[in-house]
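Just below is one structure, and these are the notes that go with it.
Going in written order, the chains are labelled A, B and C, and every chain counts its residues from 1.
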Amino acid sequence: GYHSFSFFSLLQSVVSLPTSPSILVFSNETNTNYMEIIAEKPLQLTAFTLCMRVATELSGEREIILFAYRTNNFDELNVWRELDGRLSFYLSGDGVLFQVPYLGFLQTHLCFTWDSSSGAAAVFMNGRKSQTKIYRKGHTIRPGGRIILGQDPDNFLGNFDAKQSFVGEIFDVNMWDSVLSDSAIQGLFNWRKQDRANVFDWQFAELRPFGAVEVINVDPI
Amino acid sequence: GYHSFSFFSLLQSVVSLPTSPSILVFSNETNTNYMEIIAEKPLQLTAFTLCMRVATELSGEREIILFAYRTNNFDELNVWRELDGRLSFYLSGDGVLFQVPYLGFLQTHLCFTWDSSSGAAAVFMNGRKSQTKIYRKGHTIRPGGRIILGQDPDNFLGNFDAKQSFVGEIFDVNMWDSVLSDSAIQGLFNWRKQDRANVFDWQFAELRPFGAVEVINVDPI
Amino acid sequence: GYHSFSFFSLLQSVVSLPTSPSILVFSNETNTNYMEIIAEKPLQLTAFTLCMRVATELSGEREIILFAYRTNNFDELNVWRELDGRLSFYLSGDGVLFQVPYLGFLQTHLCFTWDSSSGAAAVFMNGRKSQTKIYRKGHTIRPGGRIILGQDPDNFLGNFDAKQSFVGEIFDVNMWDSVLSDSAIQGLFNWRKQDRANVFDWQFAELRPFGAVEVINVDPI
């Protein structure tokens, strides 16, 4: 089955999504529409694997926010497609950037990994790994913030810039508090069943829409 | 083992192919050579998944026919690579086109899906899905036609145009009367065993060569 | 865990590597640094499958040696990325070249296959097969040579040219004395467990560093 829902949540009500897996569609460039993900555990992290599937018809020179986790004063973890097509993430400060093929028109599976103890950071695109970079060794991501898809919050969930918003499909967003193995990440790309993601898991996560976010509900795999 | 056969079937005899899997090779641009697939059930379809592996050294601006199913008066289902590199299919009328990466020199696994009840249409390239488009909601594909690889029939199996013919390798062509899940299609790309395709299955299908079609027979997987 | 070791083996001592899988890093263009692989059986071969994972930031017009097996007087099996981006291999004489997508910045899984009885030669890039070419039918690769990664030996392990050296990461190099099936090779790309490679297997092979070769040791998969 293939069903589509639109949420206009002016009341910012909590919406219980239909059974997963669901695809979020941001149809237009806005500075109002986003989806909040409620994590299962605090994001006090010294390592993570963050994965998602995205498809966007945005092309050319444009920044695209892919994921934002912000506490009161810090962009704790922001994930971007940069102006020049590189993928990057920022842990409250300067970021780490990766040269990768352009996001094309097909769905792309992305994973970002980071481990504080070694500083090892990498990106996986459709299961294929980038060169490893050393970044923010010893750093800890702080808990108590909020996770959003679709917008880059320049303060605590406000001041959005439409020119940085996400337009397209995003789904299968999952986060672990450890670095998964290369083969496990290749397996995720291949839809191989994994243990439930322990920071948040797309199949079970509570999502809160703000503004108009379209949700396409697809049959279980 | 690696064996090669050439069929020059001027008598249009039915040839029993060696045990599958086999690769069809169309070595030259012609308006005479094609392979007919005999389906196991009538193509009265309100949904389908059609998959194949192709490799072609054709490049630049050229239309390439990838699959044709035609009844007496209608091109019921034609699948194309368009002049500009897009992939498309046509259900007796205007088609639906998908922006995808160019077919390169390596073998490419393609699947096309369509469901009449929602109109959802998509292409999968090496397991990766395009954006979904809504196309021909409520339509039914008509039975009683013939399926051919290699040529585009402008009438019931005749009037071929060499400039639209397929040149290269094509194999592992399978069709189902339903839309497979994204993960099942990723699995097909990865050669994961699936249930037998129920409209026709490359491993068991009867094939009828017309003109010169080379068949490379490879060992079972 | 993520650990890094550097070997400066001026004494050409045999170094027992930490438990695999390990990644070799050639950080700079040199004409001195290479790694020798000790095979488990003599390379008297009438067929082979040779696979590896590579990532390099080298781009533009530059030859890159990917693998060299040389006896006293012959380059028995040299594998190259050519100036124009094609992949190739040479069995003591003229080579066979394959048009493929450029090696990008992400890790790429490569397999090269050849079978003397038919002459069938092919390349697989991230599991996807090139067109098959007929090459050196009836030839036999001679035993008694040495296998090296990182340099092209113009005589028996000497006369290196920095401009042809490998720069980047290379690992998961495995060789079989037969041609694996297409689906088995797709499985290797997907990290699916296979039987141990019987000419040499990266997980168990003895490696001998010459000059400075960095080894990154990663956790078992």
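FYI, a contact is a pair of C-beta atoms (placed from the backbone, for glycine too) under 8 Å apart; a residue touches a chain by one contact, two chains touch by 3 or more.
Given the structure is predicted, the values throughout are model-derived calculations rather than measurements.
Asks: How short can a chain-to-chain path be from subunit A to subunit C, counted in steps between touching chains?
Replies: Minimal hop count between subunit A and subunit C: 1.
Asks: So if I superpose subunit A on subunit B by CA, what angle comes out, to the nearest 5°?
Replies: The two chains, subunit A and subunit B, differ by a rotation of 120 degrees.
Asks: Do subunit B and subunit C face each other with the same patch, meaning over half of the contact numbers show up on both, or with different patches?
Replies: Different; most numbers are used by only one of subunit B and subunit C.
Asks: How big is the gap, in whole Å, between where the Cα atoms of subunit B centre and where those of subunit C centre?
Replies: Averaging C-alpha atoms per chain gives centres 36 Å apart.
Asks: Indicate the residues of subunit C shared as contacts by at least two other chains.
Replies: Expected reply: 190.
Asks: Contact residues on subunit C for subunit B in the complex?
Replies: 98-101, 115, 118, 120, 125, 127-132, 181-184, 186-187, 190
Asks: Would you mind writing out the residues of subunit A in touch with subunit B in their complex?
Replies: Against subunit B, subunit A makes touches at 1-2, 55, 57, 104-108, 126, 168-169, 190-191, 216, 218-219, 221.
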